[in-house]
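Both of the next two complexes hold chain A, though its partner changes from chain B to chain C.
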Partner chain A sequence: MSPVLMQGDEACAEGAIAAGCTFFAGYPITPATEIAEHMARRLPQVGGVFIQMEDEIASIAAVIGAAVGGAKAMTATSGPGFSLMQENIGYAAMAEIPCVIVDVQRLGPSTGRPTSPSQGDVMQARWGTHGDHPIIALAPASVRETFDLTVAAFNFAERYRTPVILLMDEVIGHMREGVELPDPAAIERIERAETLVPPEWYKPYENLPSDVPPLIPFGQGYRYHITGLHHDERGYPTERLDEINPWLERIFRKIQRNLSDILLYEEDGVEGARTLVVAYGVVARAARHAVRMARQRGRKVGLLKLQTLWPFPEEVVEQAARSARRVIVPELNLGQLVLEVERVVGRERVRRVNRADGELIKPSDILAAMA
Partner chain B sequence: MATKLIPKELAKKPDRLSPGHRLCAGCAAPIVVRQILAAIDDPVVVANATGCLEVATTVYPYTAWRVPWVHSAFENAASTIAGIESAYRSMVRRGKIPDRNVKFLAFGGDGGTYDIGFQALSGALERGHQFVYICYNNEAYMNTGIQRSGATPLGAHTTTSPAGSVIPGKQQMRKDLTAIIAAHDIPYVAQAAPTQWKDLMEKVRKAVNCGGPAFINVLSSCNRGWRHETYETLEITQLAVDTCYWPLYEVENGVWRLTYKPKEKLPVEEWLRRQGRFRHLFRPENRHLIDELQAEVDRRWERLLFLCGETFSA
Partner chain C sequence: MDRTEIRIAGTGGQGVILAGILLAEAAVRDGKQVVQTQAYGPSARGSASRSEVIISDQEIDYPEVLDADILLCLSQDACDRYASRLKKGGMLILDTTHVYRAPLIGAVRVPITELARQATGREITANMVALGLLVGLTGVVSRESLEAAVRARAPDGTVEINLKALEVGLEYAHRLGQG
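Right after this comes the complex of A and B.
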């Protein structure tokens, strides 16, 4: 296909449609509004449904409802709306509802600076809900990557029956780049698993060897129970420890045993590097430039660009940092993902480069940390 | 003695919303706010929901507000003012501060009032806080670039109800929020427009002195979203009133009263025709939407006349 000029928010919407998304419920918020606007135009054209809700709580709840009804469903928001969605994201994790939540991060806390970029929601994506559950969160660094990772988000959601968070940022969302989109026929689309068992045998939370029991949409003759309470294999509320614990173990196991599929990243010259830069999202662009500049000066510098932030790619980071005396983690926050890097490689080797004032980290800032 | 509601007297009062704000040329919001603030002689405290008014009156590093002013979030101006009002009354009661007869106002757009802020507003009204909530209603989310809201009329083009080959603009009627608020049985509820400025200001005076929660829904044109010239703002607002699309009335202690009756009720088309957001409705295939809108305006108008005791059957 020939290249087209496209905004990150548009690429997200197009990626969703390419992945088979037929339902979007959302609420206007800068800098994610363009995703809703694009979906409002495009979804009716492909037979899908766009609904504007009365707030973000309603948006994520409608998305969960649509997913239970059988649709691939998505919502998009920014920090303040992401905060409002947290209760229902926890619900989706508890009830194992496949859905995609896009958070185009802007400077916070609170209203912050709506048109300035941030990576301030990284920990909120992981720990914003109450209670323990795994989560998948992906962070794109370009318009094309936004398209690809939106597709990946839907595929992970369906394959692992889990909410997936796409952590964009204001620059990636609003930036326009020339992109060459993949041939639609070449895009891998994971569809919801089906069951071979008759309705009377179906258990929506069965402890199957795959760890991912199929979710049969409501309305197909399978009567079952979905709740935010702890539940047994049939979905009925339980207080039995021998039902709660196996469930908890299973929902972590279904992510943990599939890390090779879920962990997306790009390595550039990490082998034998004396300095490693670990970056994601818009900052990965400055990092790439900084690494090139350092190499011109004869430094052995590697770049690890993370696309999957959660689950945190512990082994990937550990391996990439093996030969590095210094690991630099630039982030548009006051130190969030770096806490994970420090946990894995030790604090002594790590240098932080942070900004949380709405301005971007420059390549020279990262270069300075290499000195 | 309250200032007389005549231009000569009102012009002598210092503006409580200063010039130099960044609201668009042609925006009705600052007209509405200035009329409201000018109607009140007592000290005023304002809570402002997220929206154009909040953003464009407080552009870095200035504020246009000459009264104490707080912006919290999109959904909770009514809750914030409820907290302020309760604390003030508590301080007065305990003799910590003198009672200066402070009036508590909350401003929200239609998004922050009809949609995301509705729960906070309803709760504050039920609890009986003594405050006035003003909805400056421009019938869509204009601050984020014109998305439909619960106040957007049937058929209007917005970026999330785009008129095209599949759908002809917004597919639902707007909700009748003023009537919903009236159903809270609070002392004072009104609907107003900046073209009838004296009517609006009198309503504000009743609202701030009603001894309980009050609500005023003010139609406030946005020329960017409604798609008209900047100088047409008030003319088009008046057409909304004269077509009975936006009737002016009040509900005082449960008694409904019409405060303005057009000499001649114009067809709603007269109002629609002047706005770009309805342009597609004038294509033959969409004509039925104008008829539906007219029928709905008539139905609501007839009901209002009945509620106001102007007719004997709805």
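Right after this comes the complex of A and C.
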């Protein structure tokens, strides 16, 4: 296949289709609208369903409903819509519903600057919905990576029965690059797990050795209950501590024991580096440029590009920073993921580079922090 | 070819983003690496708008213009804002239909919008005249790929008029080259 010029938002939609997504519900918002537009064109071609809902709360609710019905389902929004979706993202985490929520970050707070990039929703992706819960969040740095990480988001959602958040940004969403997409036959697709047990034995929240009980779609004769309340293994509300605690431990354990699968990242010259740059999303591209320039000047500089932001890759960062006297964390916010980096490597070595006015961090800004 | 940075700047409604997309599409057809980005305000028309295209034989890291090799200004505001940020030895192209106050540095001054009006009767094709001019003067993409890009991406029913405007720009560049 020869390269084609493709927009990041379009690559997200194509990634979703390639992953087997058959349902999209959303509400238009800059800079995520192009995802909805593309899904509205593509889903009917593959026998899927596109619905424009009345708002973002309804959108995520419809996505959860479609997922319970057996579909691979997605919605896409930006900051203001992502805020509205938070309660139901918690519902999906509580009920363990696989689904993908795309947030193409724009400058906030509130309506902010709709056409400007930001990484201001990193902590919101982790803690935007209330209560203790695990979450997976991925951040692409190119059009091709947007395709790949959208596929990964669907696969993680199905494999671990969890909502997955794709954290894009306005530049990645709107920019166009020449890309060569992979052969569809070569793309790994994780499908909804099945069960061998008959309906009367089925427990949707059973404490199985795998920690991920299969979710059998409604309408196949398996009758069970779904609720946002703490629930027992059959899904009915409970106040028993010997049911709440094992559930809570299990939903964290199912992520924690699979970190080697979930943590996606790229290392470039981190071995023996005296300076390490930790970056993600569009900023990783300024970081790569800066690292290249610094090496031309004879500096031993490494780059750790994070694709999985949540769960935070503690050991990966710790290992990559082992030889570094300085760890630089550039972000399009006033310091969010850097809090995690500081927690892992200590504040003394960390230098922040921040910008939250809607303009990109430039390679020279990162170079200056190396001086 | 190492990184070539092109910035096309004007006002929302002039088609600067489409011009950037077509240039990027042509670069892909030429087998180049390319990144195209844009910046525009929340309104569809009237506010500052710019499109940036980076073309290279190598992987492109930073996706926006650092120091433009080629700057095309379709409005006074764009010229005021960006002319001082052109790379030394870079090429500045001005649409003198809209830019009345130009910097002292060397510039290619062409009444782009006026040419579009004469050739097609529609000012809205100025972006195509500008694109033809830019490519004719710099050769950043091949003429064949540019025309193919227009055929592939111009809105339905506008391919011919856009190709005609493109031709006007290419021809004008050719005549400038012959001095």
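The rule is simple: the second predicted complex is superposed on the first by the 371 of 371 C-alpha atoms of A that agree within 3 Å, B and C clash if a C-alpha of one lies under 4 Å from a C-alpha of the other, contacts with A are read in each partner's own complex, and residues count from 1 in each chain.
Operating definition for what follows: a residue touches a chain if its C-beta (ideal position, glycine included) is under 8 Å from a C-beta of that chain, and two chains touch if they have at least 3 such contacts.
Just so it is clear, the structure is predicted and the values come from calculations on it, not from any experiment.
S.K.: Which of the two partners, first being chain B and second being chain C, lies in contact with A:344: first, second, both, or neither?
M.R.: After superposition on chain A, A:344 lies in contact with neither partner.
S.K.: Taking the superposition as given, does A:44 touch the first partner, chain B, the second, chain C, both, or neither?
M.R.: It touches chain B, and chain C stays clear.
S.K.: So, A:30: does it touch chain B (first), chain C (second), both, or neither?
M.R.: both
S.K.: What is the contact status of A:244 with respect to chain B (first) and chain C (second): first, second, both, or neither?
M.R.: neither
S.K.: For A:187, select first, second, both or neither according to whether it touches chain B, chain C, the two together, or no partner.
M.R.: After superposing on A, A:187 lies clear of both chain B and chain C.
S.K.: In the overlaid three-chain picture, which partner chain does A:55 touch, first (chain B) or second (chain C), both, or neither?
M.R.: first
S.K.: Can you give me the overlap between the chain B contact set and the chain C contact set on chain A?
M.R.: 30
S.K.: Please output the residues of chain C touching chain A within their complex, sorted ascending.
M.R.: Touching chain A from chain C are residues 21, 24-25, 27-28, 32-42, 60-64, 66.
S.K.: For chain B, which residues are in contact with chain A within the complex?
M.R.: So the residues of chain B in touch with chain A come to 50, 71, 73-75, 111, 114-116, 118, 141, 144-145, 147-148, 150, 159-162, 164, 166-167.
S.K.: Help me check something: in the complex, which residues belonging to chain A touch chain B?
M.R.: Checking each residue of chain A against chain B gives 27-30, 33, 36-37, 40-41, 44-45, 50, 52, 54-55, 80, 84, 110-111.
S.K.: Give every residue of chain A touching chain C within the complex, in rising order.
M.R.: So the residues of chain A in touch with chain C come to 3-5, 30, 113-116, 171, 174-178, 282, 285-286, 288-289, 292, 360, 362-363.
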